[in-house]
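Look at the two complexes coming up: subunit A is in both, with subunit B in one and subunit C in the other.
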Partner chain A sequence: MFFHIVLERNMQLHPRFFGRNLRDNLVAKLMKDVEGTCSGRHGFVVAITGIENIGKGLIREGTGYVTFPVKYQCVVFRPFKGEILEAVVTMVNKMGFFAEAGPVQIFVSNHLIPDDMEFQSGDMPNYTTSDGSVKIQKDSEVRLKIIGTRVDATEIFCIGTIKDDFLGVINDPAAA
Partner chain B sequence: MSIEPFNRLVKLVARAFYDDFTTKGENQPKSGRSDNRGIVVVVLDALTRRQWVREEDLAKSLSLHSKQLRRTLRFLEEEKLVTRDHRRETAKGAKIYSAAVAATGDGSAKDGEEKIKLHTHSYCCLDYAQIHDVVRYRLHRLKKKLKDELENKNTVQEYICPNCSRRYTALDALRLVSMEDEYFHCESCNGELVAESDKLAAQEAGDGDDNARRRRREKLKDTLQKMEVQLKPLMDQLSRVKDLSTPEFGSLLAWEARAHAAGRGGSGDAGANDGSKSSQGYGGTPMPFLGDTKVEVSFAGLEGKEEDVKSEAATSTPLKVLPPWMIKQGMNLTKEQRGEVGEESKMEGTSTSSQLSDDKKSTVQSDDKKSIQDEYIKAYYAALLKKQQELEESAKKQEQLSDSNIANGHSDTSSSRQVGMKSKRDPEEDVWEEAQYAGNTSESYRVGDLNVQADESGEDDDDVDWEEG
Partner chain C sequence: MSLVTDSPVHSSSSDDFASYLDAQLGSGSTGTSGSSADDETDNESDHESERIKRRKAEKLEILEEPEGSTSREYSEQIVDSEQIVETNIKQDSCSHPGSFGGMCMRCGKSLEEKSGVTFGYIHKGLWLANDEIARLRKTDMKNLLRYKKLYLILDLDHTLLNSTSLAHISSDEEHLRGKVDSREDISKGSLFILEHMHTMTKLRPFVRTFLKEASEMFEMYIYTMGDRSYALEMAKLLDPKREYFHERVISRDDGTQRHQKGLDVVLGQESYVLILDDTEQAWTKHKDNLLLMERYHYFASSCQQFGFSCKSLSEMETDENEGDGALATVIGVLKRVHTIFFHELEDELAGRDVRQVLKTLRKEVLEGCKIIFSRVFPTHFPARQHQLWKMAEQLGATCTVDLDDSVTHVVATDAGTEKSRWAVKEKKSLVHPRWIEASYYFWKRQPEESFSVDQKASS
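And now, the complex of A and B:
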């Protein structure tokens, strides 16, 4: 699920950036540092959308670095148990398949794949129905439901299922 | 359309899901007396026999404490079986409801005690459409939950290393993939991991943990089977009801308006009180009277003749013949309303007009001289109108002479005029009542005298004089 929230971060800036572009430099560094990271609490930071306020800088003794407290608005993505997501398959093996929904990695184990789909090994390992009409392989797009999340301080990993109504392959690039 | 299959559904649901519901909290001791399990069944059954019902009345007819009933109804509202409505109302508002009840033929609610203060009254009603949906959803969830558990759906797959017995879950999958083959590998000994359920199938008599799991599986399967069997009547009823149109009572206000309209449309024939007919009236075909007719209907014959006349003149319904005793000087009436169109139309008019005139008519009919009555009455009313005018004049005079009149009054004989003057002396009696006295005396002296005597006897010491007449 996406959220638009305000976060705060202390930015350390090298003295060489002090000048008329200080603010721009600060924001550029913030984007570089923050976008794409993941915190267990808020999820993945997708994009910074604005700066709320930049506090007074504090000069560090000895180094000359200055620390600015920055409040910024950003879009975060945090997966939840029970959420339905659309994801792209990245890897298929005998144990199931891995997929990505943006920054999130999801594993679907083979017992959560419909029973009528069989694993086929080869150069392009895949799960296929007996009549061959539905195939899950690398780059297939699937709709899945998250049934469990593992949230670490800097990482979120999910497991999902496609064994339920309206879940499964939604677009097969190989067939197109 | 019939309501019966839906009522049966409600009864089945009550017995299937709510027969062990109790309003008592968990921590309170359950003595034999305070145990009110089954209350939901009683309440729901009672509601299948009613439409909108005031909760006080329901409590009274079920001999339940209103608090207890309210708690039960609140629970049923949360369960989406019952809709409730609350409003602050005067005795008048309660009367509107009572009139609606009378119109639907549900005699359980009597005209409540008159209250001048505003009270919050709660009403409740079964919501059949919602019940249908809620029950189907409930069954669906029940089945799905059991089946999901049975098929290990939504459970996190576990893996075990056959070499060192280290356990992993699917959440560790990212760390366990190997680049060489398509299996997961143990982090410590690089052994090929086995999915837990496969192991379960392979290994016949495992450790205690596995045994417990198998027992649980058995139990789930058993529960699912039992559910299929025990809820079969309910499911059958659901499929029977599926294609029927659901009975709708609408909101309390809409229901009242419709009930009035239905009651009015069928007034005069006893069939209006028949259950089948009233349910037919709710079948969704909109009645011509809705909403704004409420004022007109509810007050007809109850109070405020002036208001009645006005609203009746304002509505688009064919003008009615006003009972002549209602006609006063200065009223702006059509010929039809005065009943001067013709004998036939007049008869029609009076038969559909309000209760009071019906009463009047029935007393008239009890008389022997039926044949000449119509003409007689007509002539009589004409005379009556004239007399009213006279009376008003004489009343004015009387006010001036009141002192001497009281002194002389005892010796008077019982002319109809005197009756009028007597009642005129009492400011509380209004004009039509007075006219009735007068009318009775001139119609048939005996009846009239009895009437007068009964009415006047308690009033003052004049009754001796009346008997003489």
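And now, the complex of A and C:
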């Protein structure tokens, strides 16, 4: 799920950045530092959309660095248990398949793939129903449900399932 | 300190909150069995308990609000979605067949301790429990037998290719730099420079044909003692179209034991696995699966590493023969094993053992030979423990210490020994120990004439 939220961060700035462009420098550094990172609470910071306010700077003793509390708006992405996500399959093997939804890596084990889908090895490993009508392989797009999440410093891991109504392949690259 | 890096404090509080919700809803759905302070809610109607929980959740969230930096709206959204989820999850007992990123791959629960074997080479953070591995091996086997395939584990260095550090290229090898193949079209070349790894790599002659033919009979793995990045680069050279190995590239980083290769990280049943390697010591537990390869030394540095002072293939500007080199020989053996396994064995397919096939095939090589050794082993060395003795017996020959008429071969390095002279007199074959080794590596009884013991060299 995406959220548009306000976060705060204390930015330390080297004195050489002071001057007319101080604000620009601060924002540029903020984007560099924050975009693409993860936090357990908020998830993946996709993009900074605006600056709410920049507080008064505080000179750090000894170093000359100045700390600015910056409040900024950003779009974050965090998967939740029970959330339905659409993801692209990246790898299929006998354990199940791996899929990606943006920065999130999702694993759907073969326990959570419907029982009528069977693993087929070969050049293009895939899971196929007995009548061959549905096929999951690399680059397939699937709709899945998240049943477990873990957020690391830089990565988000999820366990997904497609063993439920209305879940599974939503487009088939081979048929397209 | 920034908020993003600061967040563990917050996240732990939200985790607490999540587990609080877990406990709440869990006790709600399991009925009256709980003994916690929330018991009174269990006897209420579902609707009622739901309401109470919601109230509690809100209360808790208000408490949390002052320290949180997010808007209240956002927190509420989180609460709502978490609540919906929790009610949906059934409290099944789960055997936890494996984990991904620390979560059970079946129930999604966070697992504290990792059990089983890590399969990092397939995907980062993937662990499988032993039961699950056994189950996967079994189902996979059925699948594979349907396609009439077995497993083949391939070593890289000295088996399929030879690499050297750019710094170790000798002056006689400088000519190679001009002969390097472009990496534009990998599938046509055999000599490559990988600048970023400071490595020059020569693929063994015949390797492309070998892989192509083997892929029709086997599901192939790469298993190398090199590190992961090296293994992946080599896989790219050997399999530029990614049709043979896929994610089945195992490096030393993925093994479970240091300096050992093991089949525990291979998702294949041991009785259907063949291993191609040049180092027997790496596979102490799986010697029966192993087809030992003659080492491929192309570069001078590789020869020195193993203590050979002779000129390397590269310095002599020559190479192994394409048509009857080691790989061409071994593909022949693999084909025979495959044919015997699938077409000649009579028993139940599931009960067949490729190790047995390998053993019988090996036994045919020197069948009917009776070998006596003459001054090959050091004095007082238990002959039966010697490498050559064992090798000869594996090849189906009978080894003896008593000289009599039934002996067919005398193995000696010196034509002057008593037994050697006896062999010449009785018109028995007098061969060099290399005859046994050559027969072992080529899977074929070698012509005795090419391994005769030099009469003049004898003292």
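Quick note on the criterion: the second predicted complex is superposed on the first by the 170 of 176 C-alpha atoms of A that agree within 3 Å, B and C clash if a C-alpha of one lies under 4 Å from a C-alpha of the other, contacts with A are read in each partner's own complex, and residues count from 1 in each chain.
The rule is simple: contacts are C-beta pairs under 8 Å (C-beta built on N, C-alpha and C of every residue); 3 or more make two chains touch, one makes a residue touch a chain.
No experiment lies behind these values; they were computed from the predicted model shown.
Superimposing the complexes on subunit A yields a three-chain arrangement in which subunit B and subunit C clash.
In the superposition on chain A, A:G102 contacts neither subunit B nor subunit C.
When the shared chain is aligned, subunit C comes close enough to touch A:R41, but subunit B does not. In the overlay built on the shared chain, the residue A:S121 is in contact with subunit B and with subunit C. By the document's definition of touching, of the two partners only subunit B reaches A:K163; subunit C does not. Shared-chain residue A:E83: touches subunit C; no touch with subunit B. In the superposition on chain A, contact is made by A:M1 with subunit C only, not with subunit B. Of the two partner chains, subunit C is the only one touched by A:D33; subunit B is not. Set against each other, subunit B and subunit C touch different numbers of residues in subunit A, with C touching more. By the touch criterion defined above, A:R9 lies against subunit C but remains apart from subunit B after alignment on the C-alpha atoms of chain A.
Taking the listed stretches 97-105, 385-393 or 403-411 of subunit C in turn, the superposition on chain A shows a clash with subunit B for 97-105 alone.
Residues 91, 93-96, 98, 105, 107, 109, 111-112, 121, 125, 147-148, 150, 157, 159 of subunit A are contacted both by subunit B in one complex and by subunit C in the other.
By the touch criterion stated above, subunit B contacts subunit A in their complex at residues 152-157, 170-171, 173-174, 177, 182-184, 195, 197. Within the complex formed with subunit C, the subunit A residues making contact are 1, 3, 5-11, 33-34, 37, 39-42, 45, 80-83, 91, 93-96, 98, 105, 107, 109, 111-112, 119-121, 123, 125, 146-152, 155, 157-159. The touching residues of subunit A, counted against subunit B in their complex, run 91, 93-96, 98, 105, 107, 109-112, 121, 125, 147-148, 150, 157, 159, 161, 163-164.
Here subunit C touches subunit A in the complex through residues 1-5, 7-8, 10-12, 14-15, 69-71, 74, 77-78, 81-82, 84-86, 88-89, 97-98, 100-110, 119, 122-123, 125-126, 128, 136, 139-140, 143-144, 147, 219, 243, 246-247, 267, going by the rule given at the top.
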